[in-house]
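Both complexes below contain subunit A, partnered by subunit B and then by subunit C.
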Partner chain A sequence: MKKIIFAVVVLAVAGVPLAIGGKYALHVGSMIAITATLALSMNLMLRIGQVSMAQGAFMGMGAYSSALLTMKLDWSPMVAMLASAVVVGMLAVALGFVFLRIKGVFFVLLTYAFAQIVNLSIQEASTWTGGNNGLYGIPKLAILGFRMVEPSAFYLCALAVAVLAWAVVHSVFRSRIGAILDSIEQDEGLSRALGTNALRWRVAVFGLSAVLASLAGSLFAHHLNFLSPANFTFLQNVDLLIMNIVGGVSSPTGAVLGALILVPLPELLRDAKQYELLIYGGILLGSLLFLRDGLVGRLGRLSFARRAVQTMREAGHGAA
Partner chain B sequence: MNALIEQMVVNGILAGLVYVIMALGFTLVFGIMRVVNFAHGELYMVSGYVMLSLYGQHQMNYYLAVVCAVLFTAMLGAVLEKLLFQRFAGDELGGMIISLALAIILQAGALILFGPDEQSMPRPVSGVWHVHEAVLSLDRGFVAIWAVVALAAFWLFIKRTRLGLAMQAVAQDRVTAGLMGIQSKRVSLIAFSIGSALAALAGALMAPIYTVSPYMGELPLLKAFVVVILGGLGSIPGAMLGGLLIGMTESVFATLFDSTVALIASFVIVLVVIVVRPRGLLGKAVR
Partner chain C sequence: MALLEVDGVGRRFGGVQAVADVTFALQPGEVFGVIGPNGAGKTTLFNLIAGLFEPSSGRVVLDGTDITGWPSDSVARLGIGRTFQGVHTFKGVTVRENLQRAALLAHSFDPLRHFGNLMRRRSSVDVAVCEDVARFVGLHDRLEETAAGLSYGLKKLLGIGMALMQQPRLLLMDEPAAGLNPTEKRRLGEVIRDIRQMRCIDVMLVEHDMKLIMETCDRILVMNQGRPIALGDPTQVRSDPAVIDAYLGVDYDFA
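And then the complex of A and B:
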């Protein structure tokens, strides 16, 4: 029964942009789907207890690599998107063996420095990336020669990626692997004594999270047809963190819920754009001060959403 | 060639001294409270706006305006510590995330109150000074003198006063310091306030030289990060050494390439330091 309710709720929410119709609603819908995928990639890292500031950088890599492959080498966008995800994933795995030995605030600072290097390199390599002037004229997404010119077609693609990302994260944490990851997060020493290779599991999660971020980045590039380094700053990571904290870190559904709440917010505040940052900061501060039950291990959930999340999560557990 | 090298050294030292001031406050807060303060750059920005208002718009005496900016920001820091950071004592990641929230809110507040435009104010001194073959702009030299005075005062405070020694004790071992009768809560409050004052001093000094905007704190924060990680998070001599080293590195890279390459170079240094030697050049072993 819960499975059915969960599926109905998801279908109903996903159907809203299609029901409203029009370019704008579908644009917001697509951005929610893309951001939800990113929030899921952040959720993966938070689940192993490591706050990563590199997700925005992985997104940027996926976006630029997909854009450049289609523009300069005339690759099909879908092939470029998948190839970028594979390469970014492999890069993350290679880096992960070094990076994930570091924990706590030092991991945050390390990934922060890494993200800065990526962003500054994009700015510096202006002959390819257009630098701070941005990269224009990125082709629309196309799958097997079918170009997604219709906003609704693109929306369905972005939605499919987000659902797939949710399903992957959800089933990872539902499986035995999830139990292993939880054990590493809770007591690494004990877990290793029982024979788990903690570093290897962490690296695997880092790689998967980079793949998700890269896919979202490619979608972003083919959706907006314009990229600039300003899209992939440190603030992107902070936004993802806020979404996870607001939605609830302990389940992938929380991350999606966070994106669902926070992405449309600036759109609602069109006339008061400068208040966007203030509200984001206020929400983060509020959820940290009043709604935390043990930070980072299990970051708190916003109380009005708590019951909803709880039901949805139980339903979600039933669903898989 | 000689002139070029001399110029690079002069530029390096002048930039480095400001980084040291910025980094000292940042490292003090981490050493005592274990908080990576992402709002440090925003305190620099707040002080810049106080300068703009008092010195730029109301023609207050320059020195008096600097003192007011520093005092105001120090008080703001004390209030923030009391209201927010105290609850997160001992929770490194929690304290860091709360500082992120604070940084966003302060930046948004400045954006709403003052708008996104860059605003400028007259420089207290102008002109250049020729030292051998190098050229030194007087306003930067002026800032460097302030910075040296502040450094000396801070050093004496840490090494010679009871409160300074109490701070060192808390940084070394909070629990044992408590057993010796040091009130670590009070020390935290003062440390955060002094850290804010140092950020404010850097902001007040640099505001007339550059421009004032809601985003002006971002770059100095980045520099403070780099400096502090290089020198050792929490280490005061490390921040001094790191600041001068980074100032020098940047000066060389910026002269030979451009300032973006200089920034990339300093982040590569950070990356390598965290991976190879997380405690930095002069830091204590990481527990």
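And then the complex of A and C:
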């Protein structure tokens, strides 16, 4: 029953941009789906207790690589997107064996430095990337020769990737792998004493998170048809972090919920632009103070409370 | 052939020689104790075997495989289980899930090779084995309680149960009796003897509690200031002049 309600709510929410229709609503919908995928990639890292500032860089790599493969080598966008994700994932695995030996603040700084290097490289390699002037004329997404010119078609593709990303993160954490990752996060010494290679598991998660970020980056490139290094700064990572905190770190649904709330916010506040940061800050402060496990935690407790009330009522009927 | 051979093992931390030139071999089927005053290097010796530190000299050989300097998870996979000084459990989850996680962590270390098996649900791990081990350490009626809610003594027993889920060949126990009351200590002594006799797992323990050591160990290594000073069965060790000298004035009761 709970699953059916969940599916109905998801379908209803996903249907909103299609119902409103028009380029603008579908653009916002696509951006939510892309950002939700990114927030999921950050969620994976947070679940293993590491705040990564490299997710924006992986997104940028996916975006530029997909854009350049389609523009310079005439690859099909879908093939370019998948190939970029594989390469970025492999790169993350290689880097992970070095990065993930380091924890806490130092990991944040290390990934920050890495992201800066990637961003500066994009700026400097201007013959390829257009540098700070940006890269124009990236082709629209196409799947098996079918070009996603209609905004609704692209929206459905971005939505499919986001749903897939959610399903992957959800099933990983519901499975035995989730138990292993939780164990490593809670007590690494004990996990290792029991025979688990903690580094290898963390590297695997880092790789998966990079794949998701890269896919989102490629979608971003083929959606906007224009890229600039300014899209992939460290602020991107901070936004993803905030989405996870607002939505709830402890579940992939929280990450999606965070994106769903924070991405449309600037659009809704267009007439009150000067208050945008204030409201943004208020939401963050409010969720840090009042929502310990984010919105998902709050919803979970609500349904728990409802169940408790129902049980009491039934017990009351029984007694009467 | 000996299960574990420790050959001239030493470890230096800066200017401090924490452990120097320790040599012994564990005979199959024995409970082996390591004792010594505070700072004798017992726990360091343990950590050198379990792979938490790398020895600065000497060799550690498990059943013919040289494991000197191996990381702790590789040592664990080769068959050395360990329990910790103090308690280490996964606090927020139930006793059952602690045991399940222990089996999982011990037996599915390779993400790629075990992928299909690993994508199954968390709760499906070795139900029968969990219950068997829980009964063995006396936690079978507390399987659904969270680990954080157990008494200190029961948490320690859970730690032993988790190490058993690993199905080790050798179990290293670092001060298992520390912090336990006399009843719990008696129970612990029984569990250690059962581990040896019923599960056929060799046990090596570091302990301060002389009564437990004298009652459960077949052989005892006595250390002082990082060096071994005596090795023998409990009666030999008790009457060894070097041992009495090391403990003199420390008011130890040789039970």
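The criterion applied here is as follows: the second predicted complex is superposed on the first by the 275 of 320 C-alpha atoms of A that agree within 3 Å, B and C clash if a C-alpha of one lies under 4 Å from a C-alpha of the other, contacts with A are read in each partner's own complex, and residues count from 1 in each chain.
In this text, contacts are C-beta pairs under 8 Å (C-beta built on N, C-alpha and C of every residue); 3 or more make two chains touch, one makes a residue touch a chain.
Note that the structure is predicted; figures quoted are calculated from it, not measured.
*Asks:* Considering only the touch criterion stated at the top, classify A:G281 as touching first (subunit B), second (subunit C), both, or neither.
*Replies:* First partner only.
*Asks:* In the superposed arrangement, does A:V16 touch subunit B (first), subunit C (second), both or neither?
*Replies:* neither
*Asks:* Taking the superposition as given, does A:I4 touch the first partner, subunit B, the second, subunit C, both, or neither?
*Replies:* In the superposed model, A:I4 contacts neither subunit B nor subunit C.
*Asks:* Tell me the contact category for A:S121 with respect to subunit B and subunit C: first, second, both or neither.
*Replies:* The answer is first: A:S121 touches subunit B but not subunit C.
*Asks:* On subunit A, which partner's contacts cover more residues, subunit B's or subunit C's?
*Replies:* Greater contact footprint in residues on subunit A: B.
*Asks:* Determine where on subunit A the residues touched by subunit B overlap those touched by subunit C, and list them.
*Replies:* none
*Asks:* Can you name the residues of subunit B that touch subunit A in the complex?
*Replies:* 36, 84, 87-88, 91-94, 96-98, 100-105, 107-109, 111-112, 222, 225-226, 229, 233, 260-261, 263-264, 267-268, 270-271, 274-275, 278, 286
*Asks:* Report the residues of subunit A in contact with subunit C in the complex, numbered from low to high.
*Replies:* 171-172, 174-180, 182-183, 186-187, 189-198, 200-201, 204
*Asks:* In the complex, go through subunit A and note every residue touching subunit B.
*Replies:* 51, 98-99, 101-102, 104-106, 108-110, 112-114, 116-117, 120-121, 123-124, 238, 241, 245, 274-278, 280-282, 284-285, 288-289, 292, 295-296
*Asks:* Using the touch definition from the top, list the residues of subunit C that touch subunit A in their complex.
*Replies:* Going by the criterion above, the answer is residues 50, 71-74, 76-77, 81-82, 84, 88-92, 97, 100-102, 104-111, 117-122, 124-125, 162-163, 165-166.
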